[in-house]
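What follows is a pair of complexes built around chain A, which joins chain B in one and chain C in the other.
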Partner chain A sequence: MGEVYLDHVATTPVLPEVLEAMLPYFKDAYGNVQSLHSWGDKAREAVEEARGKVADLIGGVAEEIIFTASGTESNNFAVKGLAMAHQARGKHIVVSAIEHFSVLHSAKTLEKWGFELSEVPVDKYGLVDPKDVARSLRKDTILVSIMHANSEVGTIEPIKEIARVVKQSGAIFHTDAVASAGSIPINVKGLGVDALSLAANQFYGPKGVGALWLKKGVRIIPFLDGGVQEEGRRAGTENVPAIAGLGKAAELAKAEMGARAKRFSALRDKLIAGLPSRIEHVLVTGHPTKRLPGNASFCVEFIEGEAMLMLLNSQGIAVSSGSACTSRALKASHVLIAMGIPHEIAQGSLLFSFGLDNTGEDVDYVLETMPPIVDRLRQMSPLYAKFLKDKSRGGK
Partner chain B sequence: MGEVYLDHVATTPVLPEVLEAMLPYFKDAYGNVQSLHSWGDKAREAVEEARGKVADLIGGVAEEIIFTASGTESNNFAVKGLAMAHQARGKHIVVSAIEHFSVLHSAKTLEKWGFELSEVPVDKYGLVDPKDVARSLRKDTILVSIMHANSEVGTIEPIKEIARVVKQSGAIFHTDAVASAGSIPINVKGLGVDALSLAANQFYGPKGVGALWLKKGVRIIPFLDGGVQEEGRRAGTENVPAIAGLGKAAELAKAEMGARAKRFSALRDKLIAGLPSRIEHVLVTGHPTKRLPGNASFCVEFIEGEAMLMLLNSQGIAVSSGSACTSRALKASHVLIAMGIPHEIAQGSLLFSFGLDNTGEDVDYVLETMPPIVDRLRQMSPLYAKFLKDKSRGGK
Partner chain C sequence: MPVYNEKVMEHFMNPRNVGEIENADGIGEVGNPVCGDMMSFYIKVDNNRISDVKYKTFGCGAAIAVSSMVSEMAKGKTLEEAKKITPALVAKELEGLPKNKYHCSNLGAQALNKAIDNYLKKQGKTAKSQKGGKK
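Right after this comes the complex of A and B.
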């Protein structure tokens, strides 16, 4: 039995070089960044070095990087902090229908606090149309938050075009790049955004650390109140080892991005081409070309994603059925529903995401393991029985 | 020259056993807790094991532990989340004047959001009088947050007595135990509190992880919106290695607490007895007996704490001048001011905090290093010149 991890969207492992970069800050250079002595100096140097590397990854300036404890925190901070800071100009906020829940639920919280929220739709590929964004903008729109890429279906949004529309209106534009940063080239200046979220554990850095890039001069209200860390913008003792790890992961991601993307997309394309040819009634979700290199997502009709997950797991294959953050809620993905995929088909969502340890043999193993699993589950599926019955009737 | 780290309140190192407990979750068992496969199972087991250990440390139940990314986050979550959840019953909040800024500034943020805030004073030792708390309570008081111990002066508050007063009023009682959890015995049931914050890096666990203990049945509004983690109470991918480290640190702290406290308090008492006998015009701050075992805090008159820090650092001694979270703000500590210490004396604050690597020789080294430093700084001090002048005039 194989041991094939194909769930890199849920989290990547930490690269040995990244862990190596973290280790000194646990036991030896363990000081607090804010301390006015040598231990503090060493910690501060590590954090500032990492700040530069993270800025380099996305074409920003070091001072524009605010370290956080997760992509979720970056998104909460951006959405709530920017809305609170600019509410004197208006209280209208725009998000897309397929945002991660850390953006969507933050926006819903703002709604409870008296803000107004508009949701921009997506097409069948999960693409946001900049024209729809333009139509959603009002005089009192202060903040637009649309993701750079969607982890569940891999679709990469036309952020540059959306940013042009948003910036003409004078609203602030945040993009959640947690799924894409470290995997595909990002240049915040080229994109024209004001704020961007990223998370280390999406590109071989550790869990528990992320960053918010915030364009110089853009005001934000701190989300975490307390000490004077991160120029007074984010309180809490700096997580030095994790930040050092994020820096190293960013450095490696930048250096190896092209080679990684080439490998991942070859694996992705092999699976996307192979699975529907071996199993009937399989839908590839997301955009055919504008998609993350490591992301192959499907809906397998007539069965539930969770059941497939468990049987695949019993064969040593780890995948997910949508976002890890909601997997235990066992609901159909809001992303797939927004793309117009019927509820019963969205239930059969299956997401393979490739990483550095994967090979073509892993894809072969999936292609040989999947058909009997799908057969077995379909034999137990009332939906499939109904489909066959309807089909045989139609055929009469 | 020695290398003497006496700034354990700023942060402790990570114990080798703790790092050992973390390592498997970086590279091998790196799954996402929410994932429905073996990788997720291993991560989940680690988190649940740690949850039990943290609960054990403070006499709580595992399900009552919510993992966070820092003591600061725990305090923001508690103060804002509890106030928001219970605002239908009233909008009045009570804190003490010496709370950590993550509590104090969270309360100030709530003030901006329409809540009312009362600050309870402290006496010259930094002690809160339960009678003052009783006087501050109103019919619309929904939340009281008073710290278990103050890291800057070491004073341990009469939380049990305060809790009794607060619970009679029906308000919710949160205590910030970041400075004390893992160092002195805590039993949440014995104390009678509803919520308690702690942080791993205060007791030889890693940075970037903390917990909020929340009594079963007490409602709270999530602070971080997004996924369904931590029973829907705290979104964001669980930081598995850090949580495993917190668990191990909690286990060790519980097992070794008595022995550690005995060692630390011997060092503390040696310094508290020795320093004022070697240097004139030194004030011991905090309570003489109700204080944290590892905490020796002073005000050295006529000089600034920062200058002493730097000269001590040049001799290989790391200490702090108040809270690490505010050290770079270079303001007199609000804690010392609240204790009635005049501003110019509070400037000379110096805080030694002992840890597992410290020995009696470290104290000897401090006792021999301090007098010439103080002499040198006082020779440059206009305040000291004035004092000598006034004294000589008085003597005429």
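Right after this comes the complex of A and C.
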């Protein structure tokens, strides 16, 4: 039995070089960044070096990087912190229908706090149309948050075009780049955004550390009050080892980005071509070309994602799914539903995400392992029986 | 720690009595694809006893394990006995289900109940006041 990890969207492993870069700050250089002695100096150096590397990854300036504890924190901070800081100008915010819950739920919280929320739809590929964003903008729109890429279906959004539209209105534009930062080239100036979130564990850094890039001069209300860490914008003792790891991961991602993307996209394309040719009634979700290099996402009709995931796991293959059963909330992926995929098909969602350890043989193993699993579950599926009988696809 | 216990996993990996019964004496269908689980139960009745039971299930690991367990519990029972199979009893026989799966996926008893009601109806008897479990 193989051991094939194809769930890099959940988290990547930490690269050995990254771990190496972290270790000194647990053991020898364990000082607090805020301390004025030499222990503090070492920690400060590490954090500032990492800040520069993260800024480099996205074409920003070091002082515009605020370290956080996750992509989720960065998104919460951006959406709530920016809305709160600019509410004197208006109380209308805009997000897309396929945002990560850390953006979507933050926006819903703002709604409870008296803000008004508009959700921009997506097309069947998960693409946001800049014209729809333009239509949603109002005089009192203060913040627009639309993701750079969607991790579930891999679709990359036209952020540059959207930014142009948003800029004309004078609203602030945040983009959640947790799924894309470190995987595809990002230049915050070129994109024209005002704020951008990223997370280390999406590109071979450790869990529990992320960053918010915030353009110089844009005001934000701090989320955590306390000390003067991060220029007073994010209090709390800096997680120096994790930040050092993020810095190293960012440096490596920038240096190796082209080579990684080339490898991942070859694996992705092999699976996207192979799976529907081996198994009937499989749809590829997401955009055919505007897509993250490591993302291959599907819906397998007539069966449910969690059952597939578990049977794949029994064969040593790790994947994720957007089915209702795999979510704690017991709802099918809001991303797939927003793309117009019917519930019963969205239940069959399966997401393979590639990483540095994966090879073409892994794809062969998946292509070999999947058909009997799908067959087995279809044999016990009432939906499949119904389809065979009268070619109907719906529920009951 | 795995999400499912060994017993649930064993039933999921080796589900018993999967299939349909041609000319079944009773059929019960529950669930809908929006919540993610659908089950169809088929029963054969001889002398007021469930002589055979089969099912088809669309759903997660828990839904499949529940269907398998219900089929085992029902086989050989009288209709009255089988009607006493509740979701709680099924969960107990499976030595527990994850909390968030308890309501959504634990539909097997309800589907069986519906199949029994369907049989009774066909026999011209009323299904009494049994409502077939919770919605």
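Quick notes on this structure:
Methods note: the second predicted complex is superposed on the first by the 381 of 396 C-alpha atoms of A that agree within 3 Å, B and C clash if a C-alpha of one lies under 4 Å from a C-alpha of the other, contacts with A are read in each partner's own complex, and residues count from 1 in each chain.
Just so we're on the same page, a contact is a pair of C-beta atoms (placed from the backbone, for glycine too) under 8 Å apart; a residue touches a chain by one contact, two chains touch by 3 or more.
Computed from a prediction, not measured in an experiment: that's the story for all the values here.
In the superposition on chain A, A:E238 makes contact with chain B only, not with chain C.
When the two complexes are overlaid on their common chain A, residue A:M310 makes contact with chain B and with chain C alike.
In the superposed model, A:H281 lies in contact with neither chain B nor chain C.
In the superposition on chain A, contact of A:R89 is made with neither chain B nor chain C.
By the document's definition of touching, of the two partners only chain C reaches A:F302; chain B does not. When the shared chain is aligned, chain B comes close enough to touch A:S106, but chain C does not. In the superposed model, A:V319 lies in contact with chain B only, and not with chain C. Which of chain B and chain C touches more residues of chain A: that partner is B. In the superposition on chain A, A:R164 contacts neither chain B nor chain C. Applying the stated touch rule to the two superposed structures, the overlap between the chain B and chain C interfaces on chain A comprises residues 306, 310, 323-326, 328. On the chain C side of its complex with chain A, the touching residues are 12-13, 15, 18-20, 29, 32-40, 55-64, 100-101, 104-105. For chain B in complex with chain A, the residues that touch the partner chain are 5, 7, 10-14, 16, 19, 23, 26-28, 30-32, 34-40, 69-73, 75-76, 100-102, 105-106, 108-109, 199, 201, 206-209, 224-229, 235-242, 306, 309-310, 312-313, 316-321, 323-329.
By the touch criterion stated above, chain A contacts chain C in their complex at residues 302-304, 306-307, 310, 314, 323-326, 328, 330, 332, 342-344, 347, 379-385, 395-396.
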